[in-house]
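In the two complexes that follow, chain A is the common piece, with chain B as its partner first and chain C second.
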Partner chain A sequence: MRASRAGEGGEELQAERREKGRRKRARSDQEATGKERDKEEQPKIKSSKAVKTRKNVKNEKTKEMEEKQEEEEGEAEERNVKGKKKHGSAKKETREEDGGKRTVKEKAREEKKKKRKKVVETSSEQVTSEEDDNEEEDNEEKEVRPESLTPEELEMLKEAVDERKKLIQGLRGKPWSMKKKLVTLRESQEFVEKYEGALGKGKGRKLYAYKVMMTKKWMKFQRDFENFKTACIPWEMKIKEIESHFGSSVASYFIFLRWMYGINMILFCLTFGLVMVPEALMGRPYGTIPRKTVPRAEAASAMDFAVLWDFGGYAQYSVLFYGYYNNQRAIGWLKFRMPLSYFLVGVGTVAYSYMVVIRTMARNANESGVGDDNSFNFSWKMFTSWDYLIGNPETADNKFASITTSFKEAILEEQESRKDDNIHLTRFLRVLANFLVLCCLAGSGYLIYFVVRRSQKFALDGLENHTWWERNEVNMVMSLLGMFCPMLFDVISALENYHPRVALQWQLGRIFALFLGNLYTFIIALMDEINLKREEEKIIKFNITTWEASLYNSTVSENSTAPPITIQPADVPRGPCWETMVGQEFVRLIISDTMTTYITLLIGDFLRAVLVRFLNYCWCWDLEAGFPSYSEFDVSGNVLGLIFNQGMIWMGAFYAPCLPALNVLRLHVSMYLQCWAVMCCNVPQERVFKASGSNNFYMAMLLVILFLSTLPAIYTIVTIPPSFDCGPFSGKKRMFDVIQETLESDFPAWFSKVFSYASNPGLVLPFILLMVLAIYYLQSTSKSYKEANVELKKKLQTQNEENKKKNKLAALKAQTDLEEARKTASQSAELHKNNSASRQDQEDGEEDHGSCQRQYHNKNGRHPPPPVRDQDGQLPATRAPVPRTYHHVNHGSPGYLPGFPRQSEPKMHRVPSLQRH
Partner chain B sequence: MVSPAIALAFIPLLLTVIIRSRFYFVLFYQAVLVRIWRDCVTGLSREERAYQYVLTHAIPGDPDSILDAFDVWCSKVEFISNIGPKKGQILDRLMMEQSPLTVLELGAHCGYSTVRIARSLPMGARLYSLEMDQRNAAIAEKIIRLAGFDDDTVELIVSPSDEVIPRLRSDYGLERLDFVFMDHWKKCYLPDLQMLEGSGLLGKGSMIMADNVLFPGAPKFLRYIRKCGLYEWKVHRATLEYSRGIRDGMAELVFQGIK
Partner chain C sequence: MGTTASQLGKDMLSEYQELTFLTKQEILLAHKRFTELLTKDEKDLPNTRVSEERILTLPELKSNPFRKRICHVFSTSEYKDGSLTFEDFLDLLSAFSDSATLEIKSHYAFRIFDFDDDGTLDCGDLEKLVNCLTGETDDTRLTTEEMRQLISNILEESDIDKDGTVNLSEFQHVISRSPDFVSSFKIVL
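Take a look at the complex of A and B:
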């Protein structure tokens, strides 16, 4: 097909030359009869349409071609060619003065625009080209049908598209005005959008178009999918909304809460799936053995709400607590190793938590860059103090005010740092504040200690003799102290005059100390209780043996042949089971903690907000702006509450497998409740500050708490022998004996041998040594990396500065170039006029330069340009016969779509664009 | 019976509340307790006592010295809700920027703010000062004259604001108010502002300052200016006069007219 077409092209050329004269005449006629153009136009269009359809036909059936058709084809081509030829020289000049590529592109674009708008030009010349354009547009609209484009055209188009793409990529670096950049970008994108689909070679064209379409679809799908994914992140929108209202410090709390929720979900899955469900499904049912039955003494009140609320009664004797689990090695048809699973899950949850916390910390540490906050203080404030996530006018006002005050403060600080006469007072105040806080901590610690001792006394007396207040004294006091002491700390910290971010960290540290003190007081009290229980256990153990002996004796004495008397499991005396007690204590603590949090929220925030809002109408001062006001969201307190809550979960989860489930519930509820409360009854902080660095601070605290909470748990597991009659490890000396047991009975002998060798101190010690060495090595390498990073950063900075200078120079140069080009342009314009005039005289002597240009605009590169065909057909070697003019045209490539890459004129590259504007 | 330990746990809360609101306690003591006691002891009103102090401690004809004497008395001896030195500086600055020719002051009380405004008036400007209370007005008159401002500069009108404002145009021949300073009853802020709007005395660019919009506070006034859209407004945050810890603010309104 190609070959025939090429031959045809050659013929066409001849025909063209023959026809040229006629065509010219016809056109001049046309121009002469400008008035009657309208009449002529219709048939013209028809004819051109006919040409087009025939062209298509021809493409399909190349062999059978009529002479006339060819002629007509030639005619159509020729019109195009002539236009080009006419402006060949003129165009070249313009290009030279304009700088090639850019101009061509611009022109093409303009042309396209014109076409889109279908502007009817007044000149007759224009009309014909308009028709051509129509035709061409038809072609383009049928891009899906690639036959309508010749390969050369496609090549051209492809080049143009590539050009555009390059342009889009490099647009940012161009020294143009923003407006121009935007316009260029939009137009280029439109162009690429439009023509990209038509690209491709030969038969693959259709496929290519299809591929492009599919890529677009795929991209769209990906974008949608991203949106979908964002929508799938739980509470993302809520958190974003809060962030926009309250700034990132409040949002960081909620993000932390969500993260915590995720971790607890996994802990819950572990304990629920591997411990609770197997025991409930496959273990012995309730009431079969003593540990799974409510004792006779408690049976009457076991279903009372008060008892259940304290997690006694039926709740105590269920899968929720340690004591319910049986020490049977394998349960059910699956031969599920229950004690082993219990132990491994207990260890696994802690290990998993460690892993996650450390991993997150490492990831966060990567994000926080190495930068010194001390230098360029004002620049930092100037350029980075705005929180771009704020989307609420009130918060924005607050932020604005806070930035202003921070500037004032910074200036004052700067002044003071130069004076530094007040530093002693500040130091004194800070020391005083810390002293006061220590007093407060000591007081609260003593109070808790006192209460715990008192409660032990109550426990010895028997809890029934005391009121509800006295029984719940410990929890109440702990919650109240945990609630009120931070307030006091907050007030005291006003003395210190720190930056709010530093103040927040101090506050966090203090509350941390308070909570830790409370928690450890609680644990010490628990330890005491455990020891008490163990003593009780010893007595009961002895009693049981006597009881059994008596039972045995009585049965023996009555009837020796009778089967052993079946005793109701509820009647069997049993030990105190300290593990369940510990679990219960933790669960109660969690519950009371949760209740306190929610009640504080409802009273302290919601009720206050309601009062302030509605009493304000009839109050003598402004409640909203004045004294009670709305509350602010207490980030530090909430974060610490969350962290300590998690610590308690980690501590107690071994003895009460229900704890993760409870915690998931709590976190879920508090997510919704707090989101609502924040949006409904809190006001943005007066000093909104960014919390970008605080996340890792939370994580560090979490890690500390994790360590501190696993410490007592591990201590109890390792040192205290399990109760003799409850829990999965009953009957063993230590809880971890379950591992040994499994190794011995479930694994081959060699494995346990290997294990025993491996656990030999001679092997373990070197291993630990190796680990320490590795840690040391890694740490030192990371330090050196850090240093390298800092160096690189410095380098980057200097490089940036250099680049800036370079850019400035380039811009200056461009400006001078522009001026030069203007000069040359004004010079060449005259020259050009002369030239074009002479050429026109040669060609048809009628058109002036302007119309030339326009025609060129309209024509350029749309129609298959004959010279290329010629090239195609006769190969470069046979190019000689081509008339000089043609050659010229070809060389100048004026007819081609946006441009031949013309890198040889780099200096002139951006000139035309500037000229244009 | 609540156990004593639980009661003890409330101590931090108590301390917090006390420390947080210490300024209010001080204010209560200064403004109410001391006042009642002194009223009983001396038989004079608070304003009269202030006047006596100023008379004995200030230089006649020197507004600055009179203001200083007031400040000292109000911060050291008793409390009178004048505008105070800090907020006064804001007022001075705005007066300097605005240099208004016709100023209306609502609530002269005992003349502190009147003297303050009058001393920063440009040449040929006139200040109309309103005071409802007869006895306070007498003291204000004395203070103003003591500071050396004559009738041409400051005119004291002894009448409630809601009666005077509608008559300003007819009785006092005012065409336009360049500056209005409100420091009378906080409840009257809003009706008086609306009355001023109705009277047509406010032109584009007229400035209205309202003191104590946060404490004791004029929430309705603030709500109104937020909503009505006639003003370009902002609140200068400051603390209550002669007290460090109580937040207060002055509202600055610039009348824009109906757009």
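Take a look at the complex of A and C:
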């Protein structure tokens, strides 16, 4: 169509008019001239219509786009026309041949209408009003030529454009239907596009247009980037699927798992990139020095799978463990400071973890800080308790049940009618339960200690003489304890008869204590072992010096000029290297922990589900509903497991740089495995908890674990001297000496001087004091803020209560007024009726009034919201004054009350009585 | 408009992105899921309405106690039959999406809870709401006494102007302080 128009050239305007005329006819907006023109150019219209129909076949959208373009063309032209009209009167004269100024203007209006109509067509909803139309029209007529505008008008235009832009941006936040939004969007976009270019003059205009274009591009880029970002979040779809089946609490575990995975990924990158890879690439290769070689005695079995599985043999003498690293100060052509890097990565791991955990906690606290008050307890239960993500009927049933119980509980709590039937018994039972739990904890602690000591004995005898169980006893016992003790606690907690929420907290606390106790017993046992190894080391060190001396003596006595005999590094006697031992212990612990987790998952969940599912066909009772049934997904237990696993990583990562890598692997596998297990063999929890409330609870636990796990690691680093012949710090008195060494040799002299001054107690102590003071200050300010908050809350509450009182008073007053009114009414009615002869009527009337009064009284009683509302509905307190006005207005008409269902009856009485007068 | 059939145009896609809180992938997924609900010859027609029953076969809505209300609120059909076009469907998903604002979520929540569409939550609405939340079975239902107590407690808390009903601003006031409304008022495909 556009092509044909271009061909027609000067006839364009006429075509436009034709179009307009057609539309106008459609709207039955009769225009004589238009009609005439239509008659003249009938065939052309037909052709254009034909084009139109052809287009209809096309995609509707493209048609619309073209239409829009068409229109814009038309508008541009129109602007042109008007410009000509304004500037050159001669040209206006020529235009007047075609229809005159009037028609041009009309045309413009009709153009508008056409657009309008299109909008209406598409929307099928008459959202836009004619007023709007006219306004815009005026606008258009005014602002056609930006050059002719005054600055104020320009400013106004700019404002209008900005307003539109804001509208576009805020459109998605409007609760309108999509059609309305689409229409508004298109309109506003059109408006903005049209007038944006008109703003500014000359150069400024170009710049403005450029700026606008760039912002548009930037927005688009941002949107694409947003899309890209969401597409990059791993496992998003998996988690959403779980979310829709099991609700947000189960999904929160997986989100937590993903978060952990992210942290471990970064830890892994740190250790892998800065420690393992440089040592493997640039350090001395395997077999050049004793610490990098498998000793002769172990060489035969170094490649056995059993040994490798225990992280002995070749695995022990590799970058995976502390002992492999050389104490060479700078390695490779990069002069990479290996020992320094090792130390800093160790410190950085801990520092980064602290930072991330605390930052997340702070963010969570910010988010949840808003909803701390308990003033909307019931309303929240009512309005926000449904989890819309639930897409599984079973979960939905459980949710129904839990909501009902929560309602009932809340009502009970409100009534405060919970009587403890036997407080002494429950107290006794609770003490007993705690005693039992303590026994369990102590027992498990002792068991671990015993097992670790026994394993040391086995280790002294040599591991080869013992069975598999005896070799892996420690880890197995720890894992088994971690598996069965929580079940035991669960049984014990049944004694206590706590509220489920409180019970869950106790349960979590106990499991936490158990894990922590186990971990610390393990560490204490490890410390014993470290001390043993260090004594062993002393002896070996002494032996080595004598051995070296003898070696030296023998070579000297044989031939003084001969080169020193090269001894195979595998043959050199070496110390026990307690750091590697610690690392190995942790790695084994992680491995066995992972294995038990997976095996329990497979047996406890999968096998159980399979058995229940298939044995159910041939069993005497319903297995699915009855005893074994399917397992639930235990969110809290799983989260605790994850947290402790992470604690072990933090503890052991310094001595075994491979730990973060292992953990990443483990988390990766558990993500898939657990997702699969949850989806295929778990049923939703019966007690459905909200995810948001517990988030920071878990985070706090993570922080505690982080602190508790870095404590022993830092203790060993600071107090125990490193082994003399293995690891990056060998030969130094303490591990952190590496910092001093670097300061002395790698930095200019003034720097170390400054550093030594800075580390002077005279400077450090005031600094610490200052920090303490700052903390104190911040603490007190936050406290005062909190107090102010509480104060404000109180004020609000008192105000609220006052309002309530006022309302009540008003209601009472209204009621008394009403009663008075009614009395007078009944009196006057009685008077009337006394005057009238019919007694029957009077009785009826009295009855009516009585019943109504009773009804009304009920409604304005102590409870503002009436208990049961039937169809005659609400007669709330605030509306009570209304009757007075009624009363005043209809002073002479007694018994005529609003909100009174049978108000016509007294009237009926009155009318006849009046007639009788 | 009206490109719901077969393919979404690029312009439509960007407009939908502009108008909803959904990302491109989500819109495409929604489109896919929506066209799956259509029969074969309906796919070629633009602006097809999908009846409420068919919308409710979506697993995401199947077990929601407010499913009918949700359809009803988001439907633009003149017959009030709860049928949805693709655009209504997008509106629904946008309001229930992760990134939708509290304001829009609470607005739609209010309309969903307003069972008689009169603009306020009165006792009848609240009662229906409680019944929805406690499920259809008799053992989870509240007794009338409990129901009365519950509703009077709710009105006590959230009916600020004491007119016996909860209106939109009161509702939004209550909701805005809730810690987990935004996280639970979500539906994802």
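What to note about this one:
The rule we apply is simple: the second predicted complex is superposed on the first by the 513 of 917 C-alpha atoms of A that agree within 3 Å, B and C clash if a C-alpha of one lies under 4 Å from a C-alpha of the other, contacts with A are read in each partner's own complex, and residues count from 1 in each chain.
The rule is short, and it goes like this: a contact is a pair of C-beta atoms (placed from the backbone, for glycine too) under 8 Å apart; a residue touches a chain by one contact, two chains touch by 3 or more.
Only a predicted model underlies this, so the values are computations on that prediction, with no experimental measurement involved.
Contact with chain C, but none with chain B, is seen for A:804 once the two complexes are overlaid on the shared chain. Contacts of A:485 after superposition: chain B is touched, whereas chain C is not reached. In the superposition on chain A, contact is made by A:473 with chain B only, not with chain C. Of the two partner chains placed by the overlay, only chain C lies in contact with A:230; chain B stays clear of it. Touch criterion met: A:175 reaches chain C, while chain B stays clear of it. Shared-chain residue A:162: touches no atom of chain B or chain C.
In the superposition on chain A, A:548 makes contact with neither chain B nor chain C. When both complexes are overlaid on chain A, the residue A:401 reaches chain B and chain C alike.
Between chain B and chain C, more residues of chain A are touched by C.
Applying the stated touch rule to the two superposed structures, the overlap between the chain B and chain C interfaces on chain A comprises residues 401.
Of all residues in chain A, those touching chain B in their complex are 401, 440, 443-444, 447, 450-451, 454, 467, 469-470, 473, 476-477, 480-481, 483-485, 487-488, 490-491, 616, 620-627. Within the complex formed with chain A, the chain C residues making contact are 1-3, 9, 11-12, 14-15, 17-21, 23-25, 46, 59-66, 76, 87-88, 90-91, 94-96, 101, 103-104, 107-109, 113, 122-124, 126, 129-130, 133-135, 137, 140-142, 144, 146, 148-165, 171, 174-175, 177-181, 183-188.
Chain A contributes residues 59-61, 64-65, 122, 168, 171-175, 177-179, 181-182, 185, 220, 223-224, 226-227, 230-231, 240, 243-244, 248, 367-368, 370-371, 373, 375-380, 382-393, 395-397, 400-401, 403-404, 407-408, 410-411, 414-415, 690-693, 800, 803-804, 807, 863-869, 873-874, 876-879 to its touches with chain C in the complex.
Note for the complex: chain B touches chain A at residues 1-3, 5-6, 8-13, 15-16, 19-21, 24, 213-219, 222, 237, 247, 249.
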